[in-house]
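See below for the structure under consideration.
Per-chain numbering from 1; labels A, B and C assigned in written order.
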Amino acid sequence: METLLSQLFAGLSLGSVLLLAALGLALTFGQMGVINMAHGEFMMAGAYTAFVIQGLLGDPGASLLVSLPLGFLVGGALGLLLEATLIHRMYRRPLDTLLVTWGVALVLQQVARDVFGAPNVDVAAPGWLSGAVTVGGLALPKTRLFILALAVVCIVALALVLRATPLGRRIRAVVQHRDLAEASGISSRATDRLTFFIGSGLAGVAGVALTLLGSVGPTLGTSYIVDAFLVVVAGGIGQIKGTVIAATALGLLQSFFEFSTTASVAKVLVFVVIVAFLQVRPQGLVSVRTRSLA
Amino acid sequence: MTGRTSTLTARLAVLARPGRARALAGFGLAAVLLMAVAPVLLSPFRLGLLGKFLCLAMVAVGIGLAWGRGGLLTLGQGVYFGLGAYLMAMHLKLADAGPGGVPDFMLLYGTGEVPGWWEPLRSPVVALALVVLVPAALAAVLGWAVFTRRVRGAYFAILSQALAAAFAILLIGQQQTTGGTNGLNGFRSFFGYDLADPVNQRMLYLIAAGVLIVMVVVARQLMVSRFGEVLVAVRDQEDRVRFLGYDPAAVKTAVYVVAAVMAAVGGALFVPIVGIISPADVGVVPSIGFLVGVAIGGRATLLGPVLGSVAVSWAQTTMSEQFPSGWIYLQGALFILVVAFLPGGLASLRTTLRRRRRPAREEEPGAPAPVSSDGPPAADLLPEGSRA
Amino acid sequence: MTTPEIDLAAADALLGDDTARFRHDYLEVRGLRVEFGGFVAVRDVDLTVTQGDLRFLIGPNGAGKTTLIDAVTGLVRAAAGSARFGGTELLGRATHRVARAGVGRTFQTASVFEELTVLQNLDIAAGARRGPATMLRRRRATPDAVEQAMETVGLTALRDVPAGVLAHGQKQWLEIGMLLVQDAHLLLLDEPVAGMTQAEREETGELLRRVGSQRVVVVVEHDMEFLRSYADSVTVMHQGRVLAEGTVAEVQQDPAVVEVYLGAPAGEPATATEGPA
């Protein structure tokens, strides 16, 4: 029973990390159809932001609180730059966008290597996040709980933005019918940029959060990007709900497979499960049925 | 103008098109350079490097078919390259260990016993067959599974990439039986021939060059055949092809299997020529790396992928010796610039420039008329009288 | 180069003469229902079209005409009902199997393979039953059917031209030619004359009439003049149902049709000219 609960918690925790990584992608890939391979590098940029801020401020607690919004801005700014220089030319060529952003990812990794050095660096967690909370004989690390909470906050915030703000309405309008939205006076350019800003900003936040779990290196993003994309694909396009469910499910699966086999076999099994799942539901978990061909 | 004469002139025009003769001459010249000139001029070390590049170019030929012609952006060719390479490497390790022997690394990290699934690879015939059959079977099963369910475009790309990630992680995790991060290396002989002997090394190079030439010929046949035409049709309008009675999944699976086999053969020859195969050669990053050369050379052309791939491999080797970080910037920049601004690759440079220079594009004779909207039903269906 | 013209003699050669074979095909749709996430796009549709009866399918936007074709050809899944052609149930089959059962269709926007030539387009359409050995070889000679189809739709002179540069009307003719070489015995044409010139419409109409005498043909069309000139019979759809069916004259007199098209009961003054979307 206890092992089951601890596996459950490990799975949820992994799911929340995946969710943080995938949430921004769900927005840029799911809503805009842009495959941004540099998303992982935006996460890395967020993580290095936390590292720099801690160097400046010293106090881990204060720097974490400063880094979270700042990481959002750094990731968002990078995303904005990428959208404005390259991606906006390529909305009709999604596969080429994938390759171009992979090139961007390579460059960003090397920039990180040249600026911060190839070896990993560490960001100290604040004192109030050290240790664990014990619930029913189960020790839950506070950092993991913090990330879980952060993921929930991000989902709620994103859902609020999409549902309740004029920006959200514009995003949804452009997603559903670009030409019609433009005809009714919505600037799809401005909306695209804002969407991309928010999506990339979420990557930055995810990067800051990851500093609580381990050290920071130039290839931090690469290790998450594949999983994050799988989450979005399995979750289905255009619905944040699907992403949330898929991230949780994949986290739990990975954790339980790991428990019964090894980490590497678990990875392969998760992949097999996803391919099998797409056999049943090629559109992912949550999808809207339309009569369009595409 | 009657149909028959116009057909004839059109046929003649195709025959006399300078491109075809020039392409044939270029292909012949390249074959002579590879098979006769390079082995004489290059030092054994350089020849080995070129051999390695040719193995990587085999992967590129397959990618050119699958991606350029078939529209399948496969980001996981490292898996098939790796399968071919590891199967070959396992055979070489077993052969080096002698009948009933145990490969050195297993004595070091493993139980000191050869796992059951290694045993069939002791036979050279079985090993050669498996090098082709295992990747082909995996590609067939996986391709059929995803293509029949119409997983395509970006989704296919992401799945293929996840496959590469899973494969590399699996290899690293099974150190006792796959060599883990170190991979498999230290091969002494190749089907009984001493690998340290320069004569045998040259023979290996010639085999690689010959195999690559055969692959290019196969790729060409596939491109000009009816299959090649249907493949392009599937790439551009998959649904339309379906309504003509073809199953696009079968077409795509076929080309995916061909690409996988080409990658696997490249991997199998890579092993004796380079002397090592490790997860670093097969994971996510090298798998995408295979695409750079293809994109630069021209993904939909016959020789573009080969030339692009060899050029990129050469640039990588030369540059990373002197400026390791410079190469990464260059690779990134090439990806960005070529794919974003020259999607047809260098092969399309001339036409792209010509189009740029003449920006006032003359109205094409057959410019499509604006498509009429799903217009309102005309009220004039009704007899005149009822409209009052 | 001369303006391409429809060649009816070539069409006859291609279509063959079915009276000799005593073949009489028909499409029989019964109780067809299609839903999109709760929205019922087509409900309880019955439709019978026989060979020699050039059937037009009309109705306001959203009436379910294209969805009906989509369902018959396997593009969307039907929730209920059946659609039989030549003794074969079409519903539930994969699209390419529906096509192999002799069903061909065109789309609202002409969809041809733009990078391939006219000849290649037609050759692909003719070749779904080719075996691997033929597929892997290069095309040496042009198959007779392809040659005749090119003559039929007047594109012989443009055989080596990429389909992408054809004029709009020519693309639509090419699509019809593809249906003919595909050897489809049930042809579902979605707005085949949209965007065509008057002369092109007339030629297309004559060709469809010729095809309709030997094949089962259903045409979705908004052009009422075209309909009056060439339709043997008309089925009117509205809000997913069949509203009326009969000859052009019969349908025009139908009070329900009048109401839908004018938004008011027959006889009363009305201003609306557009049906409900």
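The rule we apply is simple: a residue touches a chain if its C-beta (ideal position, glycine included) is under 8 Å from a C-beta of that chain, and two chains touch if they have at least 3 such contacts.
Heads up on the chains, UniProt names are A = Urea ABC transporter membrane protein; B = Urea transport system permease protein; C = Urea ABC transporter ATP-binding protein.
This one's a predicted model, so the numbers in the text were calculated from it and none came from an experiment.
Of all chains present, the one whose mean CA position sits nearest the global mean of protein CA atoms is B. By C-beta contact pairs, the most connected chain pair is B-C.
Taking each chain's centre as the mean of its CA atoms, A is the chain most distant from subunit C. In whole angstrom, the spacing between the mean C-alpha positions of subunit A and subunit B is 31. Here the spacing of subunit B and subunit C, counted between their Cα centres, is 40 Å. If each chain is reduced to the centroid of its CA atoms, subunit A and subunit C end up 47 Å from each other. Annotation for subunit C: residues 75 touch two or more other chains. Residues of subunit B in contact with at least two other chains: 239. The residues of subunit A that reach two or more other chains are 293, listed in rising order. Taken together, the subunit B residues at the contact with subunit A in this complex read 73, 142, 145-146, 149-151, 153-155, 157-159, 161-163, 165-167, 169-170, 172-174, 239, 284-285, 288, 291, 295, 325, 328-329, 331-336, 339-340, 343.
Interface residues of subunit B facing subunit C in the complex, by the touch rule stated above, are 1, 3, 6-7, 10, 13-14, 221-222, 224-227, 229-230, 232-233, 236-237, 239-248, 364-372, 374-383, 386-388.
Subunit A makes touch with subunit B in their complex at residues 29, 33, 35, 86, 89-90, 93-96, 98-100, 102-107, 109-110, 113-114, 222, 226, 229-230, 233, 262-265, 267-268, 270-271, 274-275, 278-279, 282, 293.
Subunit C meets subunit B in the complex at residues 1-2, 58-61, 73, 75, 94-96, 99-100, 104-105, 107-116, 120, 123-125, 127-130, 134-139, 142, 147, 150-151, 156-157, 159-160, 164-171, 178, 182, 191, 194-195, 222-225, 227, 251-253, 257-258, 261-262, 266-267, 269, 273-275.
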